Amino acid sequence: MADQIVPTDAPVGAGAGLLPAQGVSARRAVTLGLVAGVVAVFVSANGMVSEFAERDVIAELSLGVLWVLMIPLIVGSLAGQAPAVLQGFAAPRPGWRNPAGGALAGLLAAVVMAAFILLIDAVNVRDVLINVRPDLVETEPRLLTFGQGVGAGVALVLAVYAALGALGGALHLLPDRWRRAVVAGVVWLIVMGVLSSLVSQVLRGIQSTTNIWTAPLADALYQGGALTAPAAAVVFVVGAGLYLLLTRPRRTPARVRVRRLPDRSQRIVRVATLAVALLLLGLLPQVLGPFLSDVLNFAGIFLLMALGLNIVVGFAGLLDLGYVAFFAVGAYTAAVLTSPQSSLGVGWIFWAAIPFVVLAAAVAGLLVGTPVLRMRGDYLAIVTLGFGEIARLLFLSDWLKPIFGGAQGIIRVGDVPLAPGVEAGGAQPRLFFYVVFTFVLLAAYISYALQDSRIGRAWMAMREDELVAETMGVNIVAAKLWAFVIGAILAGFGGALFAAKVGSVFPHSFEVIVSITVLVLIIVGGIASVPGVVVGALILVGLPEILREFEEYRFLLYGALLIFMMVRRPEGFIPNTRRVTELHEQELQQDAWLRAKETE
Amino acid sequence: MSGHRSLVAPAVISVIALIAAACAPDDEEAAPEEFSPGPLGAVTVAPDDPIMIGVIQAISGDTASLGVDQVRAIDLAIADRGGELLGHPVETQVEDDACLAEGGTTAAQALVANPQVMGVLGTSCSGAAVPAMEILAETGIATISGSNTSPALTSDLEGTQGAANQPGYFRTSHNDVVQGQAAAEFAFTELGAQRAATIHDGDPYTEGLATAFGTSFTELGGEVVLATAISKGDTDMRPVLTEVAAATPDIVFFPIFQPEADFIVQQAKDFPALAETQKMMGADGLLSDTFVVIPQTEGMYFSGPATPTGSAYEDFVAAYQAEFGEAPIQAFHAHSYDAANMLMDAVEEVAVEEDDGTLQIDRQALMDQLYATEDFEGLTGTLTCDEFGDCADPKIDIVQNTAEQQTIDQVRGNVLFTFEPGE
Amino acid sequence: MTTRPVLELRRVSAHYGPIQVLREVSLQIQPGEIVCLLGGNASGKTTTLKTILGYVVPTHGDVVFDGQRVNGLPTQRLVALGLSMVPENRRLFQRMTVRENLELGCYLRMDRAEIAADLDRVFTLFPRMADRIDQRAGTLSGGEQQMVAVARALMARPKVLLMDEPSMGLAPVLVEQNFEIIRQVNQQGTTILVVEQNANMALSIADRGYVLQTGAIVLAGSARELLDDPQMRAAYLGEM
Amino acid sequence: MAETPLAPKGPLAARRVLQLPLVDGFLWVVRISAVVVIVVGAYNSLTSGRLSGQQWRDLIVFGIAQGSIYGLIALGYSMVYGVLRFINFAHGEVFMIGAMTGYYVSSALSGTALWRSAPFAGLFVVLLCCMTMSALVALGLERIAYRPLRGKPRLIPFITAIGASFFLQYTVATLFGVDVKAYPAVPVLDGSISVGGFRILRVHLLVIVAAVVMMIALYFYIEKTRAGRAMRAVAEDQETARLMGIDVDRTIARVFAVGGAMAGAAGLLFGLVFQNVNFFSGFLPGIKAFTSAVLGGIGNILGAMVGGLTLGSVESLGPSLVLSGLDIPAAHQLKDVVAFSALVLVLIFRPTGILGERVGGERG
């Protein structure tokens, strides 16, 4: 089998026999430019530009205008990008084509925008498009035309967009690492500008708990919620610098260095890392302050549910859209048992209610799980969704009002006692954090333990192919019911914590959107991957809380983010290595090809 | 690895327990020497620093208009004092609760995080007030709502404390019990109805009001022949209306919201037993310009807080219109205006000014001052607070939408009956 | 080799992502021939086929069909030009009748009279099929299904018929039968490209063959030459 | 996408599952108690004389009319599912956009002479606009959000669909406002007619007739036309369909367009029946239609309609017939409990839905 193996890492460049590379594609630039123009018009017409015209982000630059300016910059950078280097081809050489492609895209975006400006100037479209406000073109501050009249404005739009597009394209003239550093700097700049109130809160929080002098930093950075111009420069430089620092070449990754140590030292390093991590997490609520701790607690409760649903959907492959039912069962069980105002009126302490939460959730899991044993995929999805709605409506109903309080819910749910005289409830978010954290840790531990257990392997087998699993001796009934029960119990914990945190339960907290949110965050985080679920929960639950000022645009952005994320990175933020391969069929083939080549 | 994991969990839990014990809350503020604060502490406003008022309202979601209206009213109340109190500028920190219990928690938490917040105006919805009050009461922040109406937050008006009542909670809006009584009394005595049907939509507000109406109507001697409910998002009301028609009520009380109420009145026209709209009665949630223009609402009755009268109110509306380019949208703007003034008046009473201009506002004293409010002259009437925090001068109007009325203001003006408890 | 090839690959390279999977593959098929393309797993056989069918766009080189450059042309256009394929594992539309399957075979043709004539021709080739015409394809036996699959492909009146692994997953008797069908179809004038792992079987009916390895043609020649090639014998024909 | 014919299918596995006496016993208890509850409730209701015979007949008509709308939306779910095996969660929004278009076009037309002199011609114009608009949105969705994800595990496009659902809702909300838009009156649809003791509102008659006509047209389109045959081929095996010369991309796009057009028509009918639409109007009907599709047997065109009619009737009759008979207060509040319980029961009896084929819904 003597065959020439061409090394895959053969140097590319001016080597002989290499084919010329493809340059920046003008066609792609045209398409991208038109799309960008439509996007720019969309954010103008739906009121995002006007709505955030007052909200300054960086010095005098408002968020509204930033929206509009970022679009040509981003599209210019995309359009000015040369296609990926193919094996056997010479790397494309950066040159005038990059900024030209960017400028072309920017210009086309500007043309679309100019058409829109002329349209709204000539015709009154406000009867239909209610958010096309006069401040876009007609009255000051004329956001779309940069303060100019229509004629000069259109010319300015063409020039500015083309220039920004060219700037975006010109980024590709920089060496890779430097370009990324610039992008990192810009991202930092925008994040720091948009999250100004959050950052100042954290800085003040650090000072109030640790006595480190950080509050003046907040004052130096921000003025009226916007980064000051000098601060913006510093943030940019720090952001870009950090990137360069962290990606220094020849630097051995910490992970690799640890792996080189002897076993014993490795263990010490691991334990020490864990201890430091726990210590930092322990300090976290003190640093964040009550508001952010509260947001974190909220995210934590969702994380708990997500870890549970991850067992059902991620591990066992059972698509459950009615997961909120178990959350509600947990919340109502805890509420009925701990509230002196409930129908039982026993007013137990939280911990005494927990065994009953487990019991109730497990029974609910069995009740939902048994009828659906024979159903698969989409049948399962809609039936479980139905169970979720059934649960909510029963808790809401006048029929069961004597037990669950109907629309008035149950109030005065007990706090979580931690020590004699120390209770954590919604009013003590920093203390409550430790309760949530403990439960999350427990759930994560359960997840990891189950993943490598007998039942975990049974689930994986069942997920891939039920019949094959069965012939391998997996008891499908038991495996499915266990998945439902364990998932239900974790959601039940989430519910109990939610009841204690909010201090009351209302049926309106258990709408189908909760199930969907939890499902979305495990998939966006990376299905079947525990770290992925953690990241997903923090980003998708925490961020919307922090971005409250975006109001109804939150959901618009949320929807767009979901589509973008799934199209661009379907395996999630932190994928489970075992499942990634399933997602990338093509790459799988490629891997097989490479492997075969190596053995030949 | 798996060998270690069994050790990790207990280790982690004990570490957390240690941290938790070490970090027990330590929120007390250092007391200044001259001024000794009460048991709830005090707010210290340094010279030239602003006095902070927290505001929790629903300013996003489907109830946004309710909150936006009140935020504007609060701004006007502050502007009427030149934006100043005791020589300090007054600022608000507005938090959105989207009318949800979870939102109430987060919003309250955000306000508690700011030690300068001396009082809170809100919330819009009772459901958000319950959890928010637990947090605000813990910190001892006095709170006045201009639109909560749930009896649970105060009392049943007969001396029984509501389950969610917290010290430091006040409201200038009426208690649901009053509106239920008003609607029932109008239906029973004025219209002579003997048989009533109620429909709610599962919202705590509408459910509470429908129940209050039913209780009062039965007490008066009438019969509730059907107490039913629909769900939010329902569009096909014909099945439930078939049931309602079969019960042959003299009056149908459905204190719900749009768009479900639109479907009810529009589809009721196909039922001979319900075709006379004089049998239909809604509540303040339906007193909107998009509802009363529906042809089928002609002849319908509405209960709701009485629109204030008098020159002070007219001035207020004029100022509102000048400032925001439109008239007030919902019914509770005047209540929030009064709430803001009540709070600021109380601050003027209890604040202690030190030599250097520092202002000390004792939280307990502020609360006590508010509980002692008596005969406060506001836009909504003469307000006196009871021991559970109900301060409203509750006047409920019953209005009718007839062919002559074109706009919501005209409908509001067509008062058939005014109910004032104790008169 | 005097006539113009009906299908030709000229130094075709292809990539999955940045990784090259075909390396300047060249092959030619003359009208009336049976040509086989041999290779083991992951040798690039499937990619070659995909490139011919337009699923994979060559990053370099040309695919020429009937004198026309067809790089990356959508499959339906290639089918319209006269390319047809019998896929691996037959892949009949199980829920449809045999007639519907055959009708789908000539999906792009609008000449009703000709289609009827072709249907008759297929029945003479596979007499048993006439009885089964309104039966669901899923209810046929494996051998019958193979006939329907070939018949379906022939309904398109292809200039070149591609056969993907005709021996895959079939009992030895059926494999024999299958290759007999291929030979018959070829004798009636259809040019055929067989893509196979089973080199022995394929070379027994083919005129010429190509051998692919790691994305490149390593051997080419007449069936006889290939059968006699020592390297070939060692690698593919199971002689150690 | 292709299902290997070698592996035995779900029901086989299901049979083995059910050999377990405990589970089997539990399901029998569920079945029997459901039957008992329904019989007792219905007996009490019917003998109580609370509702007259006329009123019961009304409830049936209301259910069928509502069910027709569900059925029309469900067609789109079912078609897309049949071809791509995934739930187009954003389909409810496509429906809502149809209803919105209907509002804007009919408002624009309502003052014109056409509207007064030939109301049905006017409505037909509106119908065409609604169907076109919804079809365009469905096409756009397919192109931008779903096409790049072909061949990915089905959860992925499902999540995209959820994202698209939010995006479309709030696009409409932010562009056109969140307020409730009231349809102009169509006097010709007012009033009712009597057919064999059933009193039918004219607008309901229009809905039922339109649904039946569209259903039949769609059936012929799929079973008897060349394009329909291509759709069925793509549904069964995309790769092979491509080899037959079928343009798979275009066929899938066509499925979305046809399904979208049906949803657009349903949107207009919804607007005419309920006279109101807002940006959120698509969400609940979308879920109900999805339920209908599954109830009838997803992937089956006739099943979508049967499922819709069943669901509509259960929602309309169930609370009055069963729950009120059991003395449950505010029975109509539990309408959806009845609807989803019916779904669970039907699927316990017939795991693939009323008209479902055995191949549908497997390969979870």
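Read from first to last, the chains carry the letters A, B, C and D; within each, the first residue is number 1.
We take it that a contact is a pair of C-beta atoms (placed from the backbone, for glycine too) under 8 Å apart; a residue touches a chain by one contact, two chains touch by 3 or more.
What you see is a predicted model; the values in this text were computed from it and never measured.
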Furthest chain, CA centroid comparison against chain D: C
Interchain centroid distance [CA atoms averaged], chain C/chain D, Å: 43
Centre-of-Cα separation between chain D and chain A, whole angstrom: 32
Geometric centre distance via CA averages, chain C-chain B, whole Å: 76
Intercentroid distance (Cα basis), chain B paired with chain A, Å: 35
Residues of chain D whose C-beta touches two or more other chains: 178, 329-330, 333, 336
Residues of chain A touching at least two other chains: 393, 396-398, 552
Multi-partner residues of chain B (at least 2 other chains): 202, 227, 229, 231
Touching chain combinations (by label order): A-B, A-C, A-D, B-D, C-D
Of chain B, residues touching chain A in the complex: 2, 4-5, 8-9, 12-13, 15-16, 19-21, 23-25, 59-60, 96, 100-102, 105-106, 109-110, 112-113, 127, 130-131, 134-135, 138-139, 150, 152, 163-164, 200, 202-204, 206-208, 227, 229, 231
List of chain A residues in touch with chain D within their complex: 42, 45-48, 128-131, 313, 317-319, 370-371, 373-383, 385-387, 389-390, 393-394, 396-399, 465-468, 470, 476-477, 512, 516, 519-520, 523-524, 527, 552-553, 555-556, 558-563, 565-567, 570, 582-583, 585
Parts of chain C lying in touch with chain D, wherever the complex brings them together: 53, 74-76, 79-80, 84-85, 87, 89, 91-96, 100, 103-105, 107-108, 138, 152-153, 156
Residue ranges of chain C touching chain A (in the complex, touch as defined): 13, 15-21, 23, 40-43, 59-60, 213-214, 218, 235
Of chain D, residues touching chain C in the complex: 2, 4-5, 226, 229-230, 232-233, 236-237, 239-247, 359
